[in-house]
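Let me begin by presenting the structure, written as structure tokens, before commenting on it.
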Amino acid sequence: MAAQQQLLKAEKVSRVFGGLKAVSDVNLEINDGELVGLIGPNGAGKTTLFNLLTGVYEPSDGDITFSGTRVNGLKPYQITKRGAARTFQNIRLFGEMTVLENVMVAYNMHAQHNLFSSILRLPTHFKGEADMREKAIEFLKIFNLESKKDEIAKNLPYGEQRRLEIARALAAKPKLLLLDEPAAGMNPQETTDLMNLIRWIRDEFKITILLIEHDMGLVMGVCERIYVLDRGQMIASGTPEQIRTNPKVIEAYLGQEV
Amino acid sequence: MTFDYIVQQLINGISIGSIYALIALGYTMVYGIIKLINFAHGDVFFVGAYTGYFTAKAGLGLILSLIIAMAVCALLGVIIERLAYRPLRNAARIVILITAIGVSFLLENLGIVTLGAQAQGFPDIVNKSTYTLWGDVTIDSIQLIVLVVTVVLMAVLQYVVHRTKIGKAMRAVSFDMEAARLMGINVDTTISATFAIGSALAGAAGVVFAIMYPSVDPLMGVIPGLKAFVAAVLGGIGIIPGALVGGLLLGVVETGVQSIPGMSLWRDGVAFAILILILIFKPTGLFGKNVREKV
Amino acid sequence: MMMSKKFIAVTAVLTATTALAGCGSKSTGSSSSNGDTIKIGANLELTGAVAAFGTSQLNGIKLAMEEINSAGGVNGKKLEVVSADNASKKDESTRTATKLITEDKVDVLMGAAISGDTFAAVEVANNKKIPMLTPSATNDDITFDHKKNKLNDYVFRACFIDSFQGKVMADFSADNLKAKNAVIYTDNSSDYSKGLAKSFKSEFESKGGKIVAEESYQTKDTDFKAVLTRIKTLNPEVIWVPGYYEEVGKIVKQAREMGITAAIEGGDGWDAPQLVDIAGKENLNNTFISNHYTSEDPDPKVRKFIDAFKAKYNTVPDAMAVLGYDATYMVADAVKRAGSTDKEKIKEALANTKNFEGVTGKISLDKNHDPVKAAVVLEYKDGKQTFNTKVQP
Amino acid sequence: MNKRFFIGIAISLVFYGVVQALISGEILNDFYIDTLVMLGVNIILAVSLNLINGFTGQFSIGHAGFMSIGAYVSAIMTTNLGYSFPLGLLCGCLAAAVAGLIIGFPTLRLKGDYLAIATLGFGEIIRIVWLNNDYVGGAAGLNGIERVTNWSWIFFGVLVAVVVIQNIVKSTHGRAMISVRENEIAAEAMGINVTKYKVIAFVVGAFFAGMAGAFSAHYFYGIAPTSYNFMKSFEILVFVVLGGLGSTAGTIIGTILLTLLFTYLQDIPEWRMVIYSMILILTMIFRPKGLLGNVDVTKFFKKGGASKNGGTTTTP
């Protein structure tokens, strides 16, 4: 592991909302190929940290480095372009678009054909669109969604919406995949399937994954390393074993099953 | 430009601004609860003014005319909500907006068909007296009444929304309609009440407006409605004190532009430019909370 | 892309459209057969922003039509007025005029009430060679295009042109009121108002007067105190407000309440019974307007018109109504002199209108197809128009 | 795909030819031509607003402002300066597009109703600028503009507008715009440059609104500021929403139906707007997604679906 390259680094990152520190002085490092979990009680600032890492919010203080470049203040789409894609706690699909179109949106940033070739229907347009379509269908096959490619996304059952959202994020060809509570609202069986899916994604796509999760079983089961956030501060990090026995973590989760 | 001149123009600005604010209160109230830009508000205003016209012609005084106009408009508001907006409660916002535009056209043109398009003079029902403050600076009783009525109504509304049971229900509906329903709040009644209050305010504004500027016609609500909408947005639509501040600000800006020699033609242009500038720097208006979408 | 079928669908709808688009119009004539009526197409603002003008004008036109028909019509034929609404829009006005000509096959066009909508119909009349008489469009260029120096052969009007009224009142201010300085307060959104303001200014200045300020408002404004406060500090002798009664009434009222005692003057746009209600009787004292006639005139012709109008519509006619009324009689007069419904002959007859006796006075058309008629200057006294002077052109 | 595109063009050219023949043969009189031109202008306006409102989800009610720029700039070019109509048309479109750019950028921070009022404000400011400028005739506007627009101009104008906008929509760029409408945050997280696409929508939409303005100015002989007030913007918005936001075919059909309805009701002028508004309200209540909202008409015509559905609007 030590030989691996560092992919994401957050140094003393803080974010203030109207005088309230939602995240303060957080440090975080993720290396290439790791599968890292981020846990913490409700309101600990996990999603805020995610939003800082993906450019939805700008840090009030501190630095975020991704793939060796500083990304503070970059817009989300610029960070995505640099190779970090994410999913959302409350699923954010493009509801009125079809399953296929949802995935195809991810290819826009790498599109080979510009607006004018589309307007004039130049050969590059047809080629570019066909490529996108082909790639998207390949992707849907991998995620077992090919048969539903023409369905309107909002009409899919919940579990499939989650899968689609992950597939869409992966279609952006990220180096780092950030999953925000992927198991929220799933039953145990679905959660187990999801665990397998996440592991499989990591191996298949050779990418790094950072996930927020409430389901301890899932986090402990798949993550190699875990960060624990409480009231905006990083209180612990380490292997699942270390976290399980860390008194600070237990205290933070007091009353909650660890 | 003397000091007196500036003070007099300020009084003029506040006086017109308080009319805008009075109309904007109803706008903002309805918006605050169901997030609907009720474009028909300006036309409920015209119905209020015409009601006042008929009661005044019938010899009723100010207070009775006001009460009847408010009652008629409250009823009209509830009917409009019941027939046109309620079936669309779960539809896209723009659809309800188009419906509101449709209702607005309907009221205006029914007005033209039944009442004629010509403006009619509004009977004198208030004895207007002009007070000289000092030198050349004057203020008249109607200007004072409008300002006082607007401030009082704003305070009452603020009280109703924040301190009473129905107000609590309104805020709950505004915050999350589904959750409010689950908590046992009668959403339909609450929204009806909101429309009743908002439309009654428009009716009151209509009568006061017609007394201040003594004519009525079916299209009289279009421009004041638009101005009030601008005022509401300026202050932060949905926020009751915002309507007052937005209205006064708009009135003072308009008057200010016109008080400069030769600038009167740019009155609306400057007003809109200021609106846009404020929105660019404060995208939800002066008092609007910068609500971040939760990600 | 997959558009072929959609295009078929759209095509189908478009075809249906064109098939359906030919729609009927409202006919208010007495007879329906085509040979024995004279069809007048009235392209008017019956809905939209200036519906008040168009509807009032149509009232005047209809009254005249009924009177003419009950008196036996023209050349043994009845008049039939086909009214069509241009919704106060220029593009609709072009289309409405075309429709009246091509679909309803009218013999003469009347309208529109305001200059903008009339401009939009001028070329239609010229191209189709149908005589068109606008009762109330005052813009100088409507009958004679000054930029191109070209007469619009088929276009006539029954009212003063902008430049005349402004001149009349500027002369009146300078000569009768001995005013040395004036403020101009214009409705900037009205072409009529701006036209009157312009001619007032040049005439008043040529008489040695001084325009101390030019300010403007917009149609449908209600609060004029900001500008009036400024005007008050300038202390002018005359305030020239060439607008329409709805705004003017409020301007006069607010000015008087603020203590402005200067003479306030305007044009025929003031002439409406509602003006007195809006402004208040006392406030109108020391105000003067130029007009075609006065509704208080004891002349039997005027009395007969006012009484008939009151009986039919239960209101005193405004300027729009009386112009519509007179214009209809002008058309009837021209058709009578033409002796047929031949468009060229009607056009010639209209152009040769001489000493036509209308309610608004004796009208002759000049070479630009504009009426040469006297204007009267009226003074409001306790809410009543009183005759002050008559100005010959 | 390629083939269908060209078949579509071919069919519409046939339609063009048939109408042209009817006009040349004087079977269609001037009133029908007027109506066709007006329809064409309205279709261009509605389709272009649909790109901004319907596809990109940006609530704009300042479209009349863009239209006025096209009308005024082209009329200044031809009538005041004496250039040819094609050049005037081009300048009108480009000037409107530049205005779209200028308005697009600062208002990007705004959302929903606030964007709506800001665009309305911009539209009104543009109108006031024309009104207060005597070079363009002030309140009287510019009159005596030569009639240049004819069936050919308007047909090819509509064709270009529809094809360009359809070609944008049915491409990755269109999907990007729709994704902005559907969920701006997710779109940005998927690498969509939201700002860029919003501005593109405004610029392209404004360009075609300018084109509609230029066509209308050079058909109806004159222009005046009152023709471009916020009521005109509402009128265009109504076309779009009634037909179906985000559906080009719906927008076209909605525009045609409303324009026709308005024409038809000329029979009863006093009730015209009453009935018009009643129909508007009832359509919204009973078909809140518009006549063809979210229905991609092309789907019915795909193999198999066509014969059975025959154009009815069921959810796909």
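All chains are identified by letter, namely A, B, C and D, in their written order; residue positions are counted from 1 within each chain.
In this section, a contact is a pair of C-beta atoms (placed from the backbone, for glycine too) under 8 Å apart; a residue touches a chain by one contact, two chains touch by 3 or more.
No experiment lies behind these values; they were computed from the predicted model shown.
A.B. asks: Along the shortest chain of touching chains, how many steps lie between subunit A and subunit C?
C.D. replies: Step count on the best path from subunit A to subunit C: 2.
A.B. asks: Taking each chain's centre as the mean of its C-alpha atoms, which one ends up farthest from the centre of subunit C?
C.D. replies: A
A.B. asks: State the pair of chains with the top count of C-beta pairs in contact.
C.D. replies: Among the chain pairs, C-D has the highest number of C-beta contacts.
A.B. asks: When the mean CA coordinate of each chain is compared with the mean CA coordinate of the whole protein, which chain is closest?
C.D. replies: So the chain sitting closest to the middle is D.
A.B. asks: Quick check: how many Å separate the C-alpha centres of subunit B and subunit D?
C.D. replies: So the centre of subunit B lies 32 Å away from the centre of subunit D.
A.B. asks: When the C-alpha atoms of subunit A and subunit B are each averaged to a single point, how far apart are the two points in Å?
C.D. replies: The mean C-alpha positions of subunit A and subunit B differ by 47 Å.
A.B. asks: Measuring centre to centre with CA averages, how many angstrom lie between subunit B and subunit C?
C.D. replies: Roughly 35 Å separates the two chain centres.
A.B. asks: On subunit D, where are the residues touching two or more other chains?
C.D. replies: 1, 5, 131-132, 167, 185, 270, 272-273
A.B. asks: Where in subunit B do residues touch two or more of the other chains?
C.D. replies: Within subunit B, the residues that touch at least two other chains are 109, 112, 265, 268, 295.
A.B. asks: Which subunit C residues sit where two or more other chains touch them?
C.D. replies: Each of 1, 47, 49, 188 in subunit C touches at least two other chains.
A.B. asks: What residues on subunit B touch subunit C, complex-wise?
C.D. replies: Residues of subunit B touching subunit C: 5, 8-9, 12-13, 15-16, 19, 109, 112, 116-124, 128, 130, 136, 138, 140, 209, 212-215, 217, 219-220, 222-224, 254-256, 258-259, 261-262, 264-265, 268.
A.B. asks: Can you name the residues of subunit B that touch subunit D in the complex?
C.D. replies: Residues in contact with subunit D: 31, 35, 37, 84, 87-88, 91-96, 98-99, 101-106, 108-110, 112-113, 226, 229-230, 233, 237, 265-266, 268-269, 272-273, 275-276, 279-280, 283-285, 293, 295.
A.B. asks: Write out the stretch or stretches of subunit C touching subunit B in their complex.
C.D. replies: 47, 49, 51-52, 55-56, 188, 213-218, 220-223, 225-227, 229-230, 232-233, 245-246, 249-250, 253, 257-259, 272, 274-278, 280, 318
A.B. asks: What does subunit A use to touch subunit D in their complex?
C.D. replies: 54, 56, 75-77, 80-81, 85-86, 88, 92-97, 101, 104-109, 111, 113, 115, 118-121, 125-126, 128-129, 132, 152, 168-169, 172
A.B. asks: Under the stated contact criterion, what part of subunit D meets subunit A in this complex?
C.D. replies: Checking each residue of subunit D against subunit A gives 1-2, 5, 164, 167-168, 171-176, 178-179, 182-183, 185-194, 200, 246, 294, 316.
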